[in-house]
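Next come two complexes built around chain A: one with chain B, the other with chain C.
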Partner chain A sequence: MTLASISEKVSAGIPLSFDDGVALFREPDLLKLGALANQVREQRHGDRTTFNRNLHINPSNLCVAGCPLCSFSRRSPEQPGAYTLSLSQAWDKLKARFAAGDPVTEVHVVGGLNDSLPFDYYVELLAGLKRLQPALHIKAFSAVEIFHLHKLFHLEVREVLRRLVAAGLGSLPGGGAEIFAPRVRQRICPNKCNAEEWLDVHRTAHELGLRSNCTMLYGTIETIEERVQHLLRLRALQDETGGFQTFIPLAFHPDNNALSQLPAPTAVDDLRVCAVSRLLLHNIPHIKAYWVSLGIKTAQTAQWFGADDLDGTVQEEKIYHLAGSEAPQSLTPAEIVHLIRAAGRTPVERDTLYNVVAQGQALPAGPSPVRGQP
Partner chain B sequence: MSQRLRLTAVSFLNARPVTYGIEQGLVGAERFDLRFAEPSRCAAAVAAGEADLGLMPIASYAASAEELRVVPGIGIASRGPVRTVVLVGQVPWEEMTAIALDGASRTSQMLARLLTRGRGLHPDFVEVAHDQIADAVVGTRGALIIGDLGLHIDGRFRHVYDLGEKWHSLVGLPFVYAVWAGRPGVVSTEDVALLQESLRLGLQRRAEIGRAWALDNDVDPALGENYLLENIRHRLTSDEISGATAFLARSHQAGLLAKLMRVRLFDAPAPLQPQPRSAPSLDHLLADAAAGERLSLDEGVRLYSEAPLFDLGQAADLRRQALHPESVVTYIIDRNINYTNACTTCCSFCNFHRSPGHPQAYTLSREELAQKLRETVELGGVQVLLQGGINPDLSLAYYQDLFRYMKANFPLAIHGLSPEEISYLSQREDLPVRTVLERLVAAGLDSVPGGAAEILDDEIRRRISPKKCSADTWIDVMREAHGLGLRTTATMVFGFGESPQQLLGHLDRLRRLQDQTAGFTAFICWSFQAEGTRLPLTDDTGSLRYLRVLALARLYLDNFPNLQVSWVTMGPAVGQVALRFGGNDFGSAMIEENVVATAGTVFKISASDIERCIRGAGFIPRRRNMRYEFID
Partner chain C sequence: MSSDVATAASPSPDLFVLGRAAQAASRAATGGRGFFSCNTFIATSLPMLTEATGRGLRGLLRLSMPVDEPVQEQEGRLAQLADQVREGLVLDGVVPTPEEDCLGLATLLFVARCRLALAGVPHVLVDLDRLGPKLGQLALGFGADELCGPIVEKRAPRLGDHAGSRAITRAEAAQLLRGAGLRAFERVAGGGLEEFAP
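Presenting the complex of A and B:
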């Protein structure tokens, strides 16, 4: 499996095999790998890099899962730092953004597996956000959370989704996939739903007409083979449903969690995962370089290693920052526009479903200095 | 200079390409009078005034009673196996109780002694005449075989150790066996050009010279040809000078050399500028540059402006691989001590300085410094980088005292004072730059950092740092430093709105000086850090432009052996990726770095983080000193 033979397959539009994926992860020439991923990226997206204006709301960090990989969750309300937002506190975060003249097109809602909130809390949370901003897109609750609600309230997954959609749910984020291999899940997130359950939530969502994202957490204890298997399972579901919009590789950050003996992945690992994902996941339209996870500079570099999206302005990111991310808490639209231009790409503001919101002159003026370069 | 210059040279096969043009009467027939002699006689003839210039062993150069100068650009060296300096025996090196040394070569003797000690071995060394050396190998007595004899020993001994190879794997630098050397002033730049031309002609006929020698000596012609093509290198580039300096320093430290000698060169003729080819395609240009062909300034501008990022990166990566085929990425443990922030230069891009008398202005006390130096030693540091503001309270005597104190109390190399600081001291004391440098060297200065270069273009300097030394002054200080045998680095800070021509002009000035002096060990660039300074960010200083500039520098600076990545300013993530865009060194596991830290960059990583980054990029980490000599 040489890079040249893989390159031929890529040019001919032939899906890559498991062995191809392993060979790509082992390819020593990072730039050749990057150039190939970039070729695919530019064929699909030209030199555009998209971003959106979004707000993160993490309603509660109380969580029954207790995953060793996590720096965010608390087991009990008595633990220092444990919190649950009241509905009005959650809604106020959105109000504050609009009041500050800093509107968003998307709210991203994810949180812990809280076992004491009523189902209505989730319904009202979404409905209230929608009442405040009817045009807002709500991307909420990872498959792990949906599965938790299904178990907790004895409702079919389909029913959980249907009720949330009725309250305003627009799409599912891609979190909680981690690594599908049971060997790894057992060690890093033993109490999360398993691979089949995770995939089934997304399958059901896609059947209901929802779009969703998907992720892979890399850099813990997984092998290259386990990464490739993970990516191929995502690709197989996409072949069935076509419902995934974006794949987001997530770098493991080791601070303040039970896996802190592990070193964080380095930038070369980050770029490699990004590039291999672009090449293996031929049927998933977008690859996102999530700057909160990668740091701004690697997210910029990743725009040449297969990624075509930079996520959004992201206010109040908690999960990665508690795990040691040194990226800023948020970026202004002008800063993102500048970052994308500085990476040699053309910025385009999108909404959650990748409709163009603004481009060219309509974007906020740059360049503007970037605060605290990570 | 109408008198003929008397040259004396060894007649070993490896010297033939050096003397070829002269011997054949193709070069300097009117000017040179060439004689051949035994290696040790070459130095003696120069010492006795019987010859003006000798192609002499490096050890003889270093042991000379008078200070000699070396002809730039020409040497007899190897980077790996040499085949003509071999230790042989019927038992392994570790089991040799005695080693017979060939009396004809002091350099090889010293090398054998150094490497033997380096393995913790202490056999007896006995001198034997050149023609009896092979017969001296009996039982547990080994022998050092040198010269052409080494090419004939196939199969005669059970254990053969190539000392060129052993040196290279130990130190990571070439070994220099011999150089042209003579008293200061005996050769003109025209003579140097003729000597270089003689070698150029010899290199063209290397294969032929090797085959002819083999036929004369009744051995396989391929043997002589391969020896000259694959084992011996006849250039004296920055890497060879570092290798020779490392050898002389280690020999001095081991008590094998009485004085610590640096390699000091005669003045070199001005380099010829490459002619731009007739507009080759970008692909051709990149392929040529990746193969080591020299780019013209216009070609550099074109690649910088037009080449796709990956193509530029891949060409730079290929070039890096050709220069550093061992897949090693080096780093150093040192400490950047900014001994004062009081500064009168007031550069608009600097957020570190305070005017003298300002409440936040400081100069570190001896006690504060001592504390930092102790910590540096405890943390495994081998060097301090001393840089500070232009503080009118500090005299040359202050630095001399400081350096003497540091040298007397701490085992640390002093990499100190940028050309800006040195040029200021020269003005303040009304002394020539050379005198300032000589006094600093006598007090303990080991090497000079390449700071304050920014962009070597006076239009830009007037705009961002009007009180700083001019581009010419910066270059002149470095020329003087190199002339004294000091090794220095070179830097570039970009992102001040400079044009591609100005950026390439900077690289070109560095390349031209390096052609003449070979005194730079490394080039380091980074982008302007805007935060907290008085200069607005008007330029693209993102990671992608950094990678582009670095890759271009790798291709353009064909005479710079090392390119450091600047993780301190660009971040470890970009620094790591930059190892695939031409970088071969990860810089310093710095203990502190005030200047950049004040401008908002606060990266701190440990040596183990650095090693992880290096391994993650697919390289083997090694620790080095300022000469890029492995020390782990």
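Presenting the complex of A and C:
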């Protein structure tokens, strides 16, 4: 399997095989690989890179899963740093953004698997956000959280989703997929739902008409083959439902967790995963370079290695920052626009469902130095 | 491509062409070897460089990279330095150093331009303290061949106060070099080179 033969398949629109994926991960010439991924990216999206204005709310870091990979969670309320937001505290975060003149279009809500909160907390959390801003899109609760609510409250996954949709849920984020291989899952997140359960939550969400994102956490103990298997399972579900909007490669961060002996993935890994994902996941529209995970400089570079989206302004990200991310807590729209333009791409502000919100002159103008970038 | 003006912060339309040319030049100059060094004196001006080499130190010069410097000005500075090297300036390596606000692609392209413009300078170094390990490793694919900065024998686990530390171990430096497709060599006392055992 050579890059040239893979390139021919890509040009002919033939889906790449498992062996192709392995060969791409082993390709020594990162720039050749990047150029091929960039070709696909530009065929699909031209020179546009999208972003949105979003706010992250992490309602609680109390979590019964106790994953070794995690720096965010706490097992009990007595542990230092443990917290659970009251509903009004959570809503206040949204109020504060609007009061500050930052009209976010999306709230991204994810948190720990807290077993002491009633189901109504989740329903009211979403309903209250919607009451405050009816036009807001709420992207909330990873498949792992949805599965936890299903087990905890003895409700079918479909019913959990229905009730949350009724309260305002608009789509699902892609977190919690980690690596599907049981060997890896057993070591890095043994108490999370398994691959089939994760995929089934997304399948059900898609059947209900929700869109969702998907992810892969790379850089722990997985093999190249396990990465490719993971990507192909996502691709297979996408063939079945068409409900995934975006694939987000998530770089493992080793700080402050039980896997801190592992080295962080390198930038070559980051760009390679981004490029291979673009090439393997021909049926998933977007590849996101999540700047919080990659760091600003690598995320900016990733726009030439297959990525066509940079996520959003974020505001108060906790999960990656507790794991050692040196990226700032948030970026302003002007900073993201600058980041995109300085990469020679054309910025487009989108909403959660990738409808265009603003472009060209309607975007914040002028170069804007990006603060505190690693 | 967008219609950005051609500043250093804008990638050239031939990002991959420039990167590959610089990488090829680097590989040809070093034979596919990559280097790392722990305690490196880097001059920040030509008089300081001359004094350092006069005292027997290795001739390394930091090349600053202002935000949004036009490409033409950047290339002009490099051409001037290349002339000085041709006229006898002792220079073993340059350390491209972006200002704090410079972005990733602009930095990589500056590294590539350094390699291509300074054919008479044997090494292009990455200062890990300024670029960080991630961008630093990427620079190895854009013409750099040597890592310097906080490279230590043993580092504390990334916990508590040590979380976010940019220090890397010698083994990790070697891993970064190998991950970029280079054979890893360490500069040891007396100016020698030793291949770092995997």
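Note that the second predicted complex is superposed on the first by the 374 of 374 C-alpha atoms of A that agree within 3 Å, B and C clash if a C-alpha of one lies under 4 Å from a C-alpha of the other, contacts with A are read in each partner's own complex, and residues count from 1 in each chain.
One rule holds for everything that comes next: a contact is a pair of C-beta atoms (placed from the backbone, for glycine too) under 8 Å apart; a residue touches a chain by one contact, two chains touch by 3 or more.
If you're wondering where the values come from, they're calculated on a predicted model, not measured in any experiment.
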item	value
Combined model on chain A: chain C and chain B, fit or clash	clash
Partner chain in contact with A:D270 - chain B first, chain C second, else both or neither	both
Chain B versus chain C as contact partner of A:D47, first or second or both or neither	second
Partner chain(s) touched by A:G81 [first = chain B, second = chain C, both, neither]	neither
Touched partner set for A:T346, first chain B, second chain C, both or neither	second
If touched residues of chain A are counted for chain B and for chain C, the larger one	C
Contacts of A:N256 with chain B and chain C, given as first, second, both or neither	second
Touching both chain B and chain C, residues of chain A	28-32, 34-35, 38, 263, 266-271, 294-295, 297-298, 300-301, 304, 339, 341-344, 367, 369, 373-374
Contacting residues of chain B [partner chain A, same complex]	309-310, 313-314, 317, 529-531, 536-538, 540-545, 547, 570-574, 576-577, 580-581, 600-601, 612-613, 616-618
Touching residues (chain side chain A, partner chain C) in the complex	28-32, 34-35, 38, 47, 254-256, 260-261, 263-264, 266-271, 294-301, 304, 324, 326, 339, 341-346, 367, 369-370, 373-374
Of all residues in chain A, those that touch chain B in their complex	28-32, 34-35, 38, 263, 265-271, 294-295, 297-298, 300-301, 304, 339, 341-344, 367, 369, 371-374
Chain C residues touching chain A - in the complex, by the definition given at the top	1-2, 4, 9-11, 13, 15-16, 19-20, 23, 67-68, 101, 103-108, 132-135, 137-138, 141, 157-160, 163-164, 172, 175-176, 179-181
